[in-house]
Amino acid sequence: MFQKILIANRGEIALRIIRACQERGISTVAVYSDADRSALHVRYADEAYHIGPPAASESYLRGDKIIDVALKAGADAIHPGYGFLAENAAFAAACRDAGVVFIGPTPEAIAAMGDKVTARETVAKAGVPLIPGTPAGLSDDELLAAAEEIGYPVLVKASAGGGGKGMRMVFKPEDLKSSLAAARREALKAFGDDTVYLEKVVEGARHVEIQVLADMHGNVIHLGERECSIQRRHQKLVEESPSVAVDDDLRARMGAVAVAAAKAVNYVSAGTVEFLLDKDKNFYFLEMNTRLQVEHPVTEMVTGIDIVKEMIAIADGRRLRIRQEDVTMKGWAIEARITAEDPDNNFMPSTGKIVALREPTGPGIRVESGVYVGMEVGLYYDPMIAKLIAYGDNRAEAILRLRRALTEYRIAGVKTSIPFHLGLMDTPRFQWGQFDTRFLETHQPPVSDDIDERRKIAALISAMLLYERGQRAITFAHDGGREDGVSAWRKAALLEGLRRLV
Amino acid sequence: MKYLAQIDGITFEIDIAPDGSMTLDGEPVEADLLQVDPLGLYSLLMNHKSYELVVEEQPRGYRVTVGAQTFDVDVADERQLRMESARANVSAGDGDLPITAPIPGLVVKVLAEEGQAVEVDAPLVILEAMKMENEIRAPRAGVVKHIAIEVGQSVEGNAVLMVLGAERGES
Amino acid sequence: MFQKILIANRGEIALRIIRACQERGISTVAVYSDADRSALHVRYADEAYHIGPPAASESYLRGDKIIDVALKAGADAIHPGYGFLAENAAFAAACRDAGVVFIGPTPEAIAAMGDKVTARETVAKAGVPLIPGTPAGLSDDELLAAAEEIGYPVLVKASAGGGGKGMRMVFKPEDLKSSLAAARREALKAFGDDTVYLEKVVEGARHVEIQVLADMHGNVIHLGERECSIQRRHQKLVEESPSVAVDDDLRARMGAVAVAAAKAVNYVSAGTVEFLLDKDKNFYFLEMNTRLQVEHPVTEMVTGIDIVKEMIAIADGRRLRIRQEDVTMKGWAIEARITAEDPDNNFMPSTGKIVALREPTGPGIRVESGVYVGMEVGLYYDPMIAKLIAYGDNRAEAILRLRRALTEYRIAGVKTSIPFHLGLMDTPRFQWGQFDTRFLETHQPPVSDDIDERRKIAALISAMLLYERGQRAITFAHDGGREDGVSAWRKAALLEGLRRLV
Amino acid sequence: MKYLAQIDGITFEIDIAPDGSMTLDGEPVEADLLQVDPLGLYSLLMNHKSYELVVEEQPRGYRVTVGAQTFDVDVADERQLRMESARANVSAGDGDLPITAPIPGLVVKVLAEEGQAVEVDAPLVILEAMKMENEIRAPRAGVVKHIAIEVGQSVEGNAVLMVLGAERGES
């Protein structure tokens, strides 16, 4: 088994991987940019090395520096997490060349699935159903013509894409040209490649994905599905497992197709095959993510399988301990992504310093977080700062626990997506499981119904504090100021009375 | 002492008597406030109802987080407010509205020209931050009076991007 | 269903119950003493009422005041948690008389099981096996004689006892008299009754208990066992479910006996039947706890059943949704009690103010905690301030996760049992599951092997801080002091250099 | 500057040079220290090894929590220490050891009499706190010179319960 693993990532996912290593008795090496000296992943790891300025292109995307650190620190292996270098075939190859194990699939598998067009061609041969669309590399004029043939709405997608970047849904021919331009701009910036292609929009479709695990000995299993239809601008906000739309038979069929897709590229490690599932239970291959997924915890909670530990064991050459028939799903898990975005203001990124924090705990609650008091939430990295996952015996209990935990979350200094999630949990159609990927375009989650009451509270406390501030000088002079456990408020009021009496 | 607190354009009136008894918009309230940790976490019992709040001092007033909601509260005692309002009336402008960057970012696109009339919600600027494009839209209808930025420029949070003039006619 | 529930407790268990209520949409009412104005249960509840001075006898034990608050606040029901009024039959009766539902068994069942001697007689008739012992109420001289007959070692137990209070193990005749006196003193103080009795010590025995659930319609089921042999002075420190000593057959037999014991007193609500299990798999009734147990979370995690929510539903008159055959145990859960006690100093209670706190999170970790920054840990209440529960697919994974979470726990201001638990997790005999209730008397868990390294770290940082303090005046004058994200240490060192150059 | 830090009776020597370079017991160490939150949480990277520490200032020195272990560190620079040690030698006592209450509590029983010789670990006082009885034992052998408390008395933490004299013979 590995002695020491370098985690080439930051934030909650770096902590997740550090924890898995600690539970296996493996030492951990963190890397950090100038922005992250005080970050939790630096503090939770056994060792930490500085790798450059805040910009990811100069730190977390610098595979060369990271491999240097791995060699210097004596790490046997590198876990890339998600994002950054996780789906970079060249980095996986560079690790191999440097004699450091890349905890993930082979560079060949990453490359095959990384280019969306190659991926579609490869899996189609394995019998995986595809959505009608165009090849990549067409000019704007060719795409305009193709869109007419496919029929609107169409989806513009970046060939090298992922995570919703470079993706646009277009409803009318007159909007296509500007959307193509925007998608190409984003794609160029995010992936260094502005190639795009078109896909038919499957109406009323859910985003349902299958988690797979594959070892080096040809064993490939799936861990059931995740429902990820609650999205905004193609960014997942809420994920759950299982899906209300998937029964045992459909799960078995989708699972078999996902395993076939993985086998088509000789896949090794954990990976996710994403599908669109339409109302008639037809499903179409979207893409395969050749990495650990943000939403992997919901699968872990219903299957009891620790996906990160399995990835480490697989990378070490071990055979899967689990056979397909051993995988059982029990209960229900839902994840809410906590992002530093203002849901009341069009999900605008919110920056600032975390001044107060208390994370929820209690039955059925799991928190994966990179947040700490004093943290500067800036614009260098992804706005997702934590994940809140609730488990229950059934979907209703999971929703109620997630709701309860959201009300317990205390985070101040930045605006977060928590109010959005609270509203969503109170939305009947979400509670009934009736939604598709366009749900959020048509359904505005309700605003908390006690906002009036809360405004009053905020007004009252502000007046009390201002009053108290006026009294504080006297209070200080009198007895050295506020004592713990004694309401300074009451004292100030009392003193005010006293002063008038004097 | 009488206090006026403004939140989201709504004004609340709080009266605090010398004995510590209070009214909120004329209703008597029984309130016990305690700071529970050095980071600005407060526990408020109002008429036995329990609230946990995070308070950040602002240059003027407080930013108060109640549950998952955050409010910027502009608070002052009555006298202060009257004086300020008098001052404000003197310098009241002609309806110009500065459009500011809600976050720091890179200007990717400017979607309006000086002199152009825009409807409410019309996209004005595309700002890139956290690798995502964010549209800045017009908060009301008006005429673009001045554009303060150009494509490719990095702007700080709260930087003025453009100024929106009165709805009809150039000023 | 109830609209509003009053929680007649404090600390972690009050929070546990508040969370269950919130998840069922029930409003919550907290009560608090002067010591607890800032406590989490006050802050997490919907309403809170002050009930008196810090001493429990003047606040949390004042059933009259608590019922008054329930009536004033309009609460339908009272959940007593554990300790305080949880096993007080008179309080349960007073609730009934006041028209407020007591969430627990009937006063009659509490009384029948509350007196240990009555309890033994009652369950014996139902065929439950007992440990040889004396009746209660004997004089010291009679007990001395009886002890000779039973054979040493013997256990002195308080008739009204529970939680290890008024309990003493005696190995030699000459020690019996002083132990009787000490036990009577403790019992008198704790329960207002100094009646004691003797029991034979079953050598090499494990403490294994069965969780039962009983509704008002005669349905009684069990949720499997908990292993609670890791005890110090009869105080449980670590609990787990399942037990390595219990197989399916034994579980079924112990479960059936526990159900019979519950039925013997027409039991309703959640309760726990405690047994001693000897090396030959014989088991003997110890007592029945007629309340929610501290260690209930380990059962919840392996069965998926929320025991507190079931208690509420049962008190509301509902039928159990779960049949015995629906109860399945999956995985393994271990709980470590985090107490404000100094394990390096004979578990002496440690008092003080919590100055720093970060609780562990991540996969498989559940924290039930009443701790917060600024909390004064005093001597008024139980030293248990939190519980850390780890779940894993199997026992090894649960231990490794618990260990990992213990290393993540940051709590400063009081000494805690965390170092003890870390040592225990590193003890091979614990890892192998080879222990009985006297394990801790003979096995000293190892002290962390990196204590030398940690001393060095503590020495180094102290010198650095002292050095920095000397430089601070200059630093302040120069640039306004420490900036976040910049190591003040480096700055101080730099300035020192500068000053010498000037 | 040279510093001496004492923990559990063990002395460490730390030397900090004007350029910030350091040695610990003569070994060079590379260390970067950062306070990460206002509550006294520090991150230390020592030779790339990462430690998280909680530091509480004490009247003299620091209480440092490393992982789950807490150390009371008595630290001073060399000069300071030499001066203090000189003073201490002058007032050095006759071996009397005060037995103090480690916690506040109620004296339930006193198990020794004045003049009595006790062995190491002999129980001296039973103190009730948190509803449990706690035995206070003799940290070394000696003769009970003075008993400062009686049964039924409440004592504060650190209150002197009795004084243990030199091992043999009354003083």
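Labels for the chains are A, B, C and D, by order of writing; each one numbers its residues from 1.
In the analysis below, contacts are C-beta pairs under 8 Å (C-beta built on N, C-alpha and C of every residue); 3 or more make two chains touch, one makes a residue touch a chain.
Owing to the predicted nature of the structure, the values given are computational and were not obtained by experimental measurement.
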item	value
Between A-D and A-B, the pair with more C-beta contacts	A-B
Chain whose Cα centroid lies at the greatest distance from that of chain C	B
Between chain D and chain C, distance of the C-alpha-averaged centres to the nearest whole Å	30
Chain B and chain C, separation of their C-alpha mean positions in angstrom	48
In chain C, residues with contacts to at least two other chains	37-38, 44, 358, 372-374, 407, 487
Overlap residues in chain B, where contacts from two or more other chains coincide	32, 34, 37-39, 52
Chain-level touch network, classified as line, ring, star, complete or other	complete
Chain D residues touching chain C - in the complex, by the definition given at the top	1, 3, 5, 7-8, 10, 12, 14, 16, 18-20, 22, 24-25, 29, 31-35, 37, 39-42, 44, 46, 51-56, 61-71, 73, 75-77, 102-105, 108, 128-135, 157
Chain D contact footprint on chain A (complex, rising order)	30, 37-38, 42-49, 73, 372-374
Chain C to chain D touching residues, read off their complex	165, 182, 185-186, 189-190, 233, 345-346, 348-351, 355-356, 358, 373, 379, 381-383, 406-407, 409-410, 412-413, 415-416, 418-419, 422, 448, 451, 454-467, 470, 482, 487-490, 492-494, 496-497, 500
Contact footprint of chain B on chain D as seen in their complex	38-39
Complex interface listing, chain D residues touching chain A	32, 34, 36-39, 43, 45, 48-50, 52
